[in-house]
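In what comes next, chain A is part of two complexes: it sits with chain B in the first one and with chain C in the second one.
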Partner chain A sequence: MRRRLHRPTTLVAAATVGVLLLGACGAGGRDDDGGGGDGGDGGGGATAPGVTEDSIKIGAHFPLTGVAAPGYNEIPTGAKAYFDYVNAQGGVHGRQIEYVVRDDGYNPTNTSSVTNELVLEEEIFAMVGGLGTPTHSAVVDFLNDEGVPDFFVSSGSLQWGDDPSAYPYTFGWQPDYEIEGKIIGQYVAENMPDAKVGLFLQDDDFGDDAEKGVRQFLDDQVVAAERYTSGNTDVGPQIASLQAAGADLVLSFNTPSYTALSQLVALKLGYEPQWFYTNVGSDADLVGSLLSRFSEGAVEGGSSSLDGVMTTEYIPGVDQPDDPWVQLWQKVWDGHGEKGKLTNYRVYGMSHAYAFVQALQAAGEDLTRDGIVEAMEEIGADLEGPQLAPFRYSSDSHLGISGMRVVEIRNGAGEDLTPVLVTDIGDAEIVEDDSGQDGDAPPENGVPEAP
Partner chain B sequence: MAALRARASAWWAGSILGRHLLVALLGLVVVVVVLESSSDFRNLQLASMAYLGIAAGGLTVLTGLNGQISLGHGALMAIGAYTTALLLDDREASTPLPLVVLAAVVVTLLVGIAVGAAAARLHGPYLAGATLALAVAVPGIALYFKEQLGGEQGLRVVLPDIPAWVLDLAFFVTGQDLTRSRYVAYLAWVTLVITFVLLANLSRSRVGRRWRAVRDDEVAAELAGVHLGRARVSAFVVSAAAAGAAGAMMAVTVRLAAPSGFTLTLSLTLLSAVVLGGLGSLAGALIGAALLTFLPQVVTDLGVDAGLSDIRAAELAPLVYGVVMVLVILLAPAGIVGTVRTALVKRRLRRSAVAQTGGAATTDPTSPATPATDPATDPATTTSKGSTT
Partner chain C sequence: MQQLLNTALGGLTLGMVYAAFALALVLIWRSTRVVNFAQAPMAMVTTFVALVIVDAGHSYWLAFAAALASGLVLGAVIERVVVRPVEGGPEINAVILTLGLFIVLHALAAVIFGNRYRSFPAPFGVRGIEVGGTTIALTGFGIFTILAVLVTMGLLLLLFQRTDIGLRMRASAFNPEVARLLGVRVGRMLTLGWALASVVGSLAGLLIAGGSLVHPGYMDSVVVYGFVAAVLGGLDSPFGAVVGGLLLGLALSFVSGYVGSQLVALAALVILMLVLVLRPGGLFAQTAARRV
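Here is the complex of A and B:
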């Protein structure tokens, strides 16, 4: 025991010295706080964070790994290809766009930490296209507290735009789930008045908002509403009770994996209703490949696997190679994309990248965070772009695209069942779109100008 | 001077509490220096490290000292986090933060009693299975009680405004304004230091000796009058309380309590932090937590710098993490701290052997090499113990 006596003594001595020394440092810090501290804080007043003479840094969180990654991890590759394309043409107001993507694995805890990294460490100017309702919910307060423009959230939840006073910096992008529910509901009420309607809903904002919209028109026709929890892959009970309730038309608001799962279960049960999937869950290529994977090859995948299924459409996709927008995306992807072919997810990424470039154009040369938000509220409803219906951006609403059309999938491509229909949340009427957004084409060089 | 030194050493050897408090004080000074000199982002990263460290510290006491394995600590953290979220639902929430943390600890502790009572009857793989069920079931509760617990999207956590006296104090000590991120980091680290002092004291006390006795030989412990069930339940409860505090800090740091944050992965992450650092050692738990917090970001950044695409760089992190885990198990099965400690002991032994041949020292060569006074050094024997009996 005696041998150990020396070490602790040294330690105690060192500790005392250390504490005294650091105490002295603390006191020293207090003396010069008037000069040094303030100068450091006040230095960044003139220019916005992430913006220099010749560059703009923006960021996004996406599930690049994990269960949600297939499909969704292609969105940032599309957006990046478009930003590179714009950069190659000289950027926006002479500034090159630097796009930083971080993986959150669709886990809100990770979203929080990567957003901290993007905002505090990378010092991004704006968040563009952060994906997911539960994930983005974790950071929306932080982004608004910090005053970071939070554009084009890749999710159709109402919370991104229905109350701009709560989240002044956040803007939605895709049509929210409520208006999708309304448009689908009205279509069914008018064209299939005798259908017994079953609802298959994801048990979160997605399903809730959509159900609210659908029930505005179909409350009497709905015979069953079943919910599944994202992550639980057994949807047998839900599909079986839809079958038991005698539903002959199933409106499904779910993600692509659950489109494949519901199809497989229905095959197993010998249940053959008319299926109507939300836009989110109806990517024919992805569902096809998931179908053959989940069934271990028993069901033939491929893009024709969803033939006869109804869905909606709000931007042109790869099934319309003659559309001028799709031709632009193809050109961008061939010139600046990574390996692999153009997919609907990449088109989605390019479409919101296009809208962001336009927002930057509109915000002008003196780019500030508040400036771009003001510009969006002012001219956001006039933005050009691939979307079939105009955005709803104003100082009262930060919700995105205002409408969509109903289509039926034939040979992997959508056949129009209705013209483009536009509406808004609540009691707003559903009317045919007359803005001409549907028929427009991109400018010659593929880079938008301020509207 | 010599007398003073002798007295100081006597105090060091005699007062365990004093020693732990001194180390804690030193730790706090280091925390202040590190937090004040790092950026907002680093502060938040350090806060994440702290909450992982708190939970891993609790788990290392349970597994390392009492030989029980738990795959359910993520779920216990969820209970702490949801308690916090329910108490901090808007900015006007009037409950002071220390009370919120205390409430989170108490609620988790109560759950810990229930689970611990069941766990005390189980061994090895059965215990792992039961706690695994806990990890799977608890996020489901949040989904089922959607109205109250927010379902899949979870509950937002709103940190109340920083009290004025804290701002004043921080300015007085450091001469810098306290940012919110730094405030959160201080909260987490102060909680960590308090938790660690309590855990360290407990494990050096009679209670801790009982836990070790039960771990090392149940029959012998029972013959010596140790109540097996009570020892097991108490270890589980203490460990659960630490997980509750960790959950509270996680909620405050992440600003959200959602089921997808508390999947089985979190429980496994905690276990791997404990194994990486060294089973049974609080310092090891902290090192493990640091590795888990910083490794993914460092690796991803390296990947991006090396010209990999974002997706490839993101995929690199789990890979490197797995490789590090395999390497530690292969090369340092006692964990990082365990291996370093063994090496130190060996060196000391060699030195004292040299000294003894010189005839100067009278040290008993076995005394430094008694790992039983502290933490198990071999995870394999500890965790398999239950299954073999």
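Here is the complex of A and C:
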């Protein structure tokens, strides 16, 4: 048996060497043609890579296939629909936006190679909305070394924005996991002071950042913290241990598939705590469709499957069809979308595409890579958009949306439990938002102006 | 106490699935001396066949039977069409071929059935059984899983130890030349071995899918754990495969519950290495003389 296993190992090694060699060739190519063209801070004229008189080419990496694809593969379809909508209205400063999406299968190795392609072959002006913490971590250094604007990473990890001197070209977008943890922690400490809190955490930055935020307020109340490894679908032992610790409120920081799995295991164990899922894991439609068909009606189908579960909200979603932003998204999707209906993931894509169009407006007609970064640091905090709370962009922080509200899911829609609360990482206080972002409406034509 | 019980029960059910999968690997090994890494995507494909039938509004049991039948056909076709041309050459060729099949079947399934997570129904409910007021982590489907695997193991033991055809299958695997001289139709035995193994693999696929989520990659970790279980029990022994599967399921469940879920895969590899170092033939290997 042992002899049998040696040969495949050699083969894998050979393949690895091959891939490394290919990678090296790619890097070599960069030196050759990157020598003069980059830098992009020449004063006037649109000389930046990917920008011509009448077009701007931008790129993104998303998992279009693989286990992380469900839901997430809809984000770029939403973003594309919005860019097409803007193009149909004449583009930005007369330039049409060309949006190139590459599939990385949520595999960091693939992310590196598709990012190389995007930057070196496609010569994109900027990366917009690249998804995932482990995946984007693999390319963030490369993008910053090359001076490629790396806007609105689709992940709530702190590293995209807490230290702009390390990654000057990278900007976060959604609220980071730490402030979500803080806001949830404070809500529970104030409103459920007797709850025995269990934490169910994804075993990476996602769970770690959130736990840090939660423990600022709830350290005494936490009776157990369990971690699951993404990819291992057997979460029975973790949930059993939360049950054994007597947790009657479970704060879960996990992806949607694991929301479904944790609900299933809880049924199996006869465990009925109050569940409080992170925004990331609480898409009622997606989880409902996963849970819908288990036998005997043991699980309610459709969007009501998460009834009574608490979560948070930072942009309006499809459960609020009367919201003026959602009406805009619906119009955009009907006019420029692919098949299928508008979903929260598509809304997410459109929301960050909206912010990027606004950034382009703000950067002015003479578009350069450094220029758009400077513009974001100057006026980023004043950007209007679907987000319920303002961005935190400045020269000291590239973190995204500053807050969210706590909601309880009823019939697939969120019912507000708090007003929009804003804060920042660390000791920053949690206060009610007074920016008026919640309740604003998009401009008539649906295309933002520079603020 | 309840946690201990529930972790053990979870491990038991999961271990039975690994056991079923290990049984399938052992079957192919016994009948062709090849480790079939494509077993996982083959089982995945047949599970999706079942899902399509359930989606069309038919009963679970019809889908169940159809999945096993399509497993039988798929196994036979793959042996005849894909594996046959490399049989007789070095065994490593066939093993590499199964790795290639792994990727091809994955990609095909993603194209045909889509890449998203989908829920797979279970026929007996997904709530735990109540005993004296507390719920224990054993569902009706869990009991069905355990019984189904035990029955399958019994049938395979009977087939190999007590029937003429089982003897011929073993003979063709052990020494095709001699078996052929003695009048055994070796080719047919090989096809039969692959077909039977594929049925057992399909069963494992259905059992792990029931009451859970499926997507084209959902069996991938099972092929690793099933392989460890098969090695643990000795690749030659159906009984060993089941015991190996159970031990592994329990061990991994306890590691996950009491140490940390990030160590599950590592623990499986440690077990694999320990077995290979200490008892290369597995816990239940027969005579060492057969290992040349």
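Please note the rule applied: the second predicted complex is superposed on the first by the 396 of 451 C-alpha atoms of A that agree within 3 Å, B and C clash if a C-alpha of one lies under 4 Å from a C-alpha of the other, contacts with A are read in each partner's own complex, and residues count from 1 in each chain.
Everything below uses one rule, namely that contacts are C-beta pairs under 8 Å (C-beta built on N, C-alpha and C of every residue); 3 or more make two chains touch, one makes a residue touch a chain.
Every value quoted in this text rests on a predicted model; they were computed, and no experiment measured them.
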Next item on the list: Give one of first, second, both or neither to describe whether A:238 is in contact with chain B, with chain C, with both, or with none.
Entry: second
Next item on the list: State whether A:65 touches chain B only (first), chain C only (second), both chains, or neither.
Entry: both
Item checked: Contacts of A:133 with chain B and chain C, given as first, second, both or neither -> first
Margin query: One more residue to check, A:141. First (chain B), second (chain C), both or neither?
Written below: first
Notebook entry, point to check: Looking at the overlay, does A:257 come into contact with chain B only (first), chain C only (second), both, or neither?
Noted result: second
Next item on the list: Mind working out whether A:113 is in touch with chain B, chain C, both or neither, as first, second, both or neither?
Entry: first
Next item on the list: Identify the partner contact of A:269: answer first if only chain B is touched, second if only chain C is, both if each is, neither if none is.
Entry: second
Next item on the list: Name the residues of chain A shared by its contacts with chain B and its contacts with chain C.
Entry: 1-2, 4, 8, 11, 65, 73, 203, 229, 231
Next item on the list: Write out the stretch or stretches of chain A touching chain B in their complex.
Entry: 1-6, 8-9, 11-12, 15, 18-19, 22, 25-26, 29-33, 37, 41, 64-65, 73, 76-77, 80, 101-103, 106-109, 112-113, 116-117, 119-121, 133-134, 137-139, 141-142, 203-205, 229-231, 338
Notebook entry, point to check: Which of the residues in chain B end up touching chain A in this complex?
Noted result: 5-6, 8-9, 12-13, 19, 22, 25-26, 29, 32-33, 39-42, 44-45, 48, 143, 146, 151-154, 156, 158, 171-177, 181, 250, 253-256, 258, 260-261, 263, 297, 300, 309-311, 314-315, 317-318, 352, 361-363, 367
Next item on the list: Under the touch definition given earlier, write down the residues of chain C that touch chain A in their complex.
Entry: 2-3, 6-7, 10, 14, 35, 91-92, 95-96, 99, 110, 115-119, 121-128, 130, 134-135, 137, 139, 211-213, 215, 217-218, 221, 231, 235, 253-254, 256-258, 260-262, 264-265, 276, 280
Margin query: Can you tell me which positions in chain A touch chain C when the two form their complex?
Written below: 1-2, 4, 7-8, 11, 65-67, 69-70, 73, 203, 227-229, 231-238, 240-241, 243-244, 257, 260-261, 264, 267-271, 289-296, 298-299
